[in-house]
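Data block below; observations after.
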Amino acid sequence: MKKSRREFLKVAGITILGAGAGSLINGVSVLSAAESGRKPGLDFFKNSDALKAKRWGMAVDTRKLSDEICEKMQVSCHQLHNVPDFIKKFGKQEKRHEIKWIWETGFEHAFTGRENEFPRENLEDLPVVVTCNHCEKPPCVRACPTQATFKREDGIVMMDFHRCIGCRFCMAACPFGSRSFNFRDPRPAIYDRNPDFPTRTKGVVEKCNFCAERLAVGKLPACVEASEGALVFGDLEDPESDIRKLLAENYTIRRKPELGTNPSVFYII
Amino acid sequence: MVDIPKPEELIKKTDTPLPSKRWENIPADLSPGKFCYPTKQKSLEYLDLPTPGREWSPADEEWPLPENWQEIIHEGFKERLEKYRSLKVFMDICVRCGACADKCHFFIGTGDPKNMPVVRAELLRSIYRNDFTTAGKILGKIAGARKLTPAVIKEWFSYFYQCTECRRCSVFCPYGIDTAEITMMARELLTLVGLNINWILEPAANCFRTGNHLGIQPHAFKEMIDFYCDDIEEVTGIRIDPSFNRKGAEILFITPSGDYFADPGIYTMMGYLLLFEHIGLDYTLSTYASEGGNFGLFTSADMVKRLNAKMYIEAKRLGVKWILGGECGHMWRVIHQYMDTLNGPADFLEAPVSPITGTKFENAASTKMVHIMEFTADLIKHDKLKIDPSRNDNKVVTFHDGCNPSRGMGLLEEPRYVIKNVCNNFYEMPENTIREQTFCCGSGAGLNTEEIMELRMRGGLPRANAVKYVHDKFGVNLLACICAIDRASLPPLMNYWVPDVGVTGVHELVGNALVMDGEIERTSDLRFEPLNDETPEGNKGEADE
Amino acid sequence: MNADYLSSLIAVVVLGLIAYAGVAMAGLNGFFGVFVPYLALVLFVIGFTRRVLGWAGSAVPFRIPTTCGQEKSLPWIKQAKIDNPSTKTGVVLRMFFEVLLFRSLFRNTRATLNENGRLSYKWVLWLWAFALMFHYCFLLVVLRHLRFFTEPVPGFVKMLEGVDGMLQIGLPVMRISGVLLLVAATLLLLRRILLPKVRYISRPADYFPLFLIIGIAGTGIFMRYFTKVDVVKIKELTMGLATFHPAMVQDGIGALFYSHLFLVSILLAYIPNSKLMHMGGVFLSPTRNLANNSRAVRHINPWNHPVKVHTYEEYEDDFREKMIEAGLPVEKE
Amino acid sequence: MNDKGMIIAGLIIFFTIFTFPIWYNHGAAAPPPEPELSQKAKAAKTCVEDTAYMRTEHMHLLNQWRNTAVRDGLREYTGKDGKTYEVSLSNTCLDCHSNKEQFCDRCHNYASVTPYCWDCHTYPKEKM
Amino acid sequence: MLEKAIKGSKTYWLWVLALLAVIAVGFMFYMRQLDFGLGITGMSRDVSWGFYIDQFTFLVGVAAGGVMVAIPHYLHDYKAFGKITVLAEFLAVSAVMMCMFFIVVDLGQPMRLLNVLLHPTPHSMLFWDMIVLSGYLFLNIVIGWNVLDAERNSVPPPQWVKPLIYLSIPWAISIHTVTAFLYCGLPGRTAWLTAILAPKFLAGAFAAGPAFLILLCLVVRKFTNFKIGQAQIQALAKIVCYAAITDLFFFLCEVFVAIYSQIPEHLEHLEYLFFGLHGHGALVPFMWLSILLIVSGILLLLIPSARENESVLAVACVAVFMGIWLDKGLGMIAGGFIPNPLNEITEYVPTMPEVMITIGIYASGLLILTILYKVVIGVKEELAGT
């Protein structure tokens, strides 16, 4: 509240100067009203049972993954977040407009540059689930001209759908192809709309948000819940967290670490 | 006469900052050299106009106003508000946006804020508010109203005789407010209390009596024309014998008296005579209607009508088919916008048709009077003239649009077409100073008088400055115009600001270029100046005289 | 500081305060919410009609268009059909460009005497641009306000609102026209205050309406975006006005609204008594609304009275002998 | 020139346009809207802030809620009366005001306001 | 001065009307795009920028190319260019305007455009691009207008214009540099991730801009009384030639790095553009055509007798212009997005509505150019006293 009130006062002040003395007297009364606390709304707080972390991260144990689990994760995520299914609605030609927050892909697609002439057996069939990496140094945030994409203090790279102008600079900047653009109105292709989460308007970019809305009420991300243990979610800065323990015990890789974005999603192959 | 500063000094003086005082608080400067001489008693009496009862000078402290002068002005104002919607609307709707301010040549030349068209109108408007509007009556000064005092009358006299009714401001005004209308009304009001200037009403009185402003009597008129015919014969070997007051002629030709009275108008007259001879026109001149111009326009609508009436009267008496009019400015404002309304309908005349080309002048179908530029342009277009433009090769010409033909009728292309056909060297002045944006000569609307020479030079500055530009750039040495006032006022203006440039009427150029049947080889132009074989193009500043 | 604009500014502020105080302290809601607007409306309608009929009552004795281009003359010469119209259609077009696009202001130049002694005329379009912006924004704002005076709100008003609020800035969504109106009015005001020539010719009657409109736009914007008012209640009041069922009880609207309404009422009543009548007068200017065909079609002057002329007979009487001597034909020997 | 007829016609046209609201409404004032409260809302007596404030400021408040929830992750709001609410359009506002047509739309339509909330947020009727 | 734009011949008005008609058609398609979303274009999740951004990039170059007239004129006092600087400046104005239009039509939520100003974000290159582009537009309008107005009045331009002129030179460089930075700072887009991108952009710009200016000069000379001399056109032609050579050289440098290093990520994009990748090769013929056009253009411009023949010169300029257009305006963006970060291939072909909107914007640019040039030519003719 404090911040927005300050902003309000600033704007009000400027307007008084600009609007001439005709409004001066009224402006003063507004100011005093604001200062005297007539404007209600004392403050905003974090939910007490919210999950908190210094830097959220995720580990994907591909050993535990199967196509079914991947499918389940995707369905539960897309269902929860009102992600449209254009292919189902309009057919295959709409694949190019597809929106995906989390999806299954092959090893060679997820880990380009790690091609191996003689790969481990089954590596080619290994289901790999990919999503936004919530990089520590996210190029998409750097590129966004309106701060519609931003990094929260807890490391989550978030989208502000109200602010996005749809320039798609973030999509060009993302080296992981994690972002989708609403090339058309998504609503007709949303089945079983979840009223607790907004749909998007056409013309904005969207992507995985690590279920920030669930963390706020003390729940783990939907995919993690649906993963049957294949995904482990937790605070990367907390050495005692489950995820840190898992990372300590296993050799993990990340996607395109050479780009220096420092992804927060780790893979156990 | 009061001394005029040198051009270099004068131009510096034009860039003065605006005074710190409001214009309402600055009295009019009526020191010698700043005002036109008032009308002599006898002219007023001859025209049956109100007189002040004695000779007087604007420099006098006490002016000879009639006892009930305020009432006269008030009633006159009221009457005119009913008679002229223009006045009423223009009094009400000015928003003082300032678009007109620097469009006036007098403001540019003097820097005097009361020469901004908006303020000139405010001189009248302030009285209008005081006398005729509720807001003015209640709020007085706050609403911009002021009382009619002798000081206001002095101000009117000063500033409404510092407006040449050129209408340039009207082009730029978002509501078309026309200062000419306002000045005309103010001059009518001043005339009601006997205040007018001699340079306007003496010619008007002359015109009323003799038929022309200069008071030239019929026999003298004929002698003058005969004299020009002698000159023509000397230059071309052709003898022309024009007819006067001849009944049954097809066309009556009327031109301003300046064209047969003074240099350089007389050469234009010779041009007309040569042209008519060349095409064998059946025309006559009139000694009764021997004036195209109309100084009534600078006095009152009634006076316009009184002086203008002669044209139709004479045309009817002589039984001509239609009237051809010479090169003139305010003459054409009257003919184009007033004559038919005031003295028409001219149902005794026929709709004008060129006897040479058969062209119907549809735009003159009702007034039955054709402008000679239209007539000549039509002749050239139909290839009816034998022209040798190289005879004008010693001239580098530019064209000055007269205020009235350009903003009162729109006669823009015809003169250019003619000039381009009779001259090889023609250059336009800068765009914002020609056509509908043309600048006044600084001496129109009756101000072409000697006693205000400095004001005239100041007012003519924008025009002269544009001429100087083409003179410096293209070597222009001749300024063509289609206005008798211009031909009288531009020579001193050029002489002052751009001494190497002469002034000519367009038909003088035509006359020079016409190849007459049976003419001798011409060795000089109509001014008896030798024809130069070499073209002066590129010879910067070379004048033809 | 200049007394002319200072006094106008003070006048507008005081007027705004009167309504504010009248409602906030004296509870004169009915007076400022119903009586004053109706009074203003009546004054406007009567005043406007009187002014226009007054103009209509004056004669148009002569056809005096200011011609701004080539006349209709010989068929092969291209006429400037709009700037120098010879037909009704041409005049309508000329008026269209004049009234809707400010054709004449578009020509504006600034004369400057340069150091080399040359006068130049720089093309300046600021006045044209500001004026255009000001008038169109004002029109849009007025039309948008129809939402307060109609129920159901007509489609075209909604469409205008939609376009006007196209740029999704702020909440409630910013209407561009309102902000631009304030900006344009301020620019016009600054022009008056800062340009020496315009300042010299400006008087309270020029500053007052500008401050008034700035005040109106300012209070409107302030209400909408900052102090906030109960729009539904306001509409109850305004609908009452529009349907002649004035609703009196209006708690919770906020006194600022009454300042706004009062200033609008002042403006409405002020129009017929001021230069703002140019909105009607621009249509009646004889230099613009007449065709330049006075030589082709006779224009009738309703008061064309006879005058004394010097007839040919009188003339011949004066000069007969001289004429005969010179060999000029005469009527009577 | 007799153009009085035209001038009067012009005047009539002007006043016809000018008085558009008067004849458009046929002189009948449509009753002001009365937003209907759902049972739940009635029971709650008061919204997150008092009614007068909510009437004029709800859009501003919603905007603040949105910003703090999305950008700062703060999802609890304590009002002037000290009560705390979850910052959520769906879970808090629309939970009570589940009757968009009778509640939101009435005033919005009356004031000709078309908020774009519903472009993305699902209103209760569609809850199914 | 804009007066001159509302007085013209029948041909002029027909041309203006034709452009307006094309703009209207484009606008109708844009309305459809606004209604439906960017889905009516050929862009996709993988190729998320397309034709619009291509044109934007190319036109920034055309705008920046004007500086090749400004530098010789203002910095080296090459007098001959004085006659045409205003043409270059107004070309830049129209090009920048088109750039802005292309950005706007490419936005998913154009109504939120002002968010860029409301939430200024200095770490975003797009923010800077907006600043440099609007700054450049402002500079060129102010400079061009004042210089022309002064010329018309035969007085020196106002003193304050001079610093703006000097500022406009680095500014011109900056617009294309920042535009290159939009792309070359993105990790993972290896086709763009090269320090030579800005120089290469500039080289292409200095070829395409002046080439177009030559064509415009030839058109102006043919249809109006404003006679632009041989000297200006030939000097421009040499600039085009060497800039095109530099552009080609930079391209070959890129090719060398990719081929010699054999790093797949560098190779794949080139491979896709020139040979096709995994059976996808929609752009292959266009890319080869581009090389062919640029090379033949350079050859024609190098041979003095060919260059001095104005018909050949016109052909050469068209070749260079089109070649660079194909390179920047078609291949640049798609080449960067294909293959995508997951090494998948989604091809991109602009759709009809997309092309129509693009044509509409080009028509609006041409309209702006026409109006501005009409004013310039009117002034030049007026100064000739005709």
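Note that the chains take the letters A, B, C, D and E in the order they are written out, and that residue 1 is the start of every chain.
The rule is simple: contacts are C-beta pairs under 8 Å (C-beta built on N, C-alpha and C of every residue); 3 or more make two chains touch, one makes a residue touch a chain.
Predicted model only: the values in this text are computed from it and were never measured.
Think of each touching pair as a link: the shortest run of links from chain B to chain C has 1 of them. By C-beta contact pairs, the most connected chain pair is B-C.
Note: the chain lying farthest from chain D is B, by mean C-alpha position. Chain nearest the geometric middle of the protein is C, using mean C-alpha positions.
Comparing the CA-atom centres of all chains against that of chain A, the greatest distance is found for B.
The geometric centre of chain C is 35 Å away from that of chain D, both derived from CA atoms. Here the CA centre of chain A is 81 Å from the CA centre of chain B.
Measuring from the averaged C-alpha position of chain D to that of chain E gives a distance of 47 Å.
If you average the Cα atoms of chain B and of chain E, the two centres end up 55 Å apart. Multi-chain contact residues of chain C (touching two or more other chains): 55-57, 60, 63, 107, 118, 121, 168, 284, 299-300. Shown for chain E are the residues that touch two or more other chains, namely 109, 112-113, 118, 153-154.
Each of the following residues of chain B touches two or more other chains: 430, 469. Of all the residues in chain B, the ones that touch chain E in their complex are 426-428, 430-431, 469-470, 473-474. On the side of chain E, the complex with chain C involves touching residues 1-3, 109, 111-114, 118, 149, 153-155. Across the complex, chain C is touched by residues 8, 11, 14-15, 17-18, 23, 48, 81-90, 92-99, 101-103, 108, 113, 116, 118-119, 122, 133-135, 142-144, 167, 170-178, 181, 208-211, 217-219, 222-223, 244-247, 287-288, 301-302, 305-306, 309-310, 313-314, 317, 335-338, 340-342, 344-345, 359, 361-367, 369, 374, 377-378, 381, 406-414, 417, 430, 432-433, 435-437, 461-462, 465-466, 468-469 of chain B. On chain E, the positions that touch chain B within their shared complex are 152-154, 382, 385-386. For chain C in complex with chain E, the touching residues are 106-107, 114, 116, 118, 120-123, 125, 166-169.
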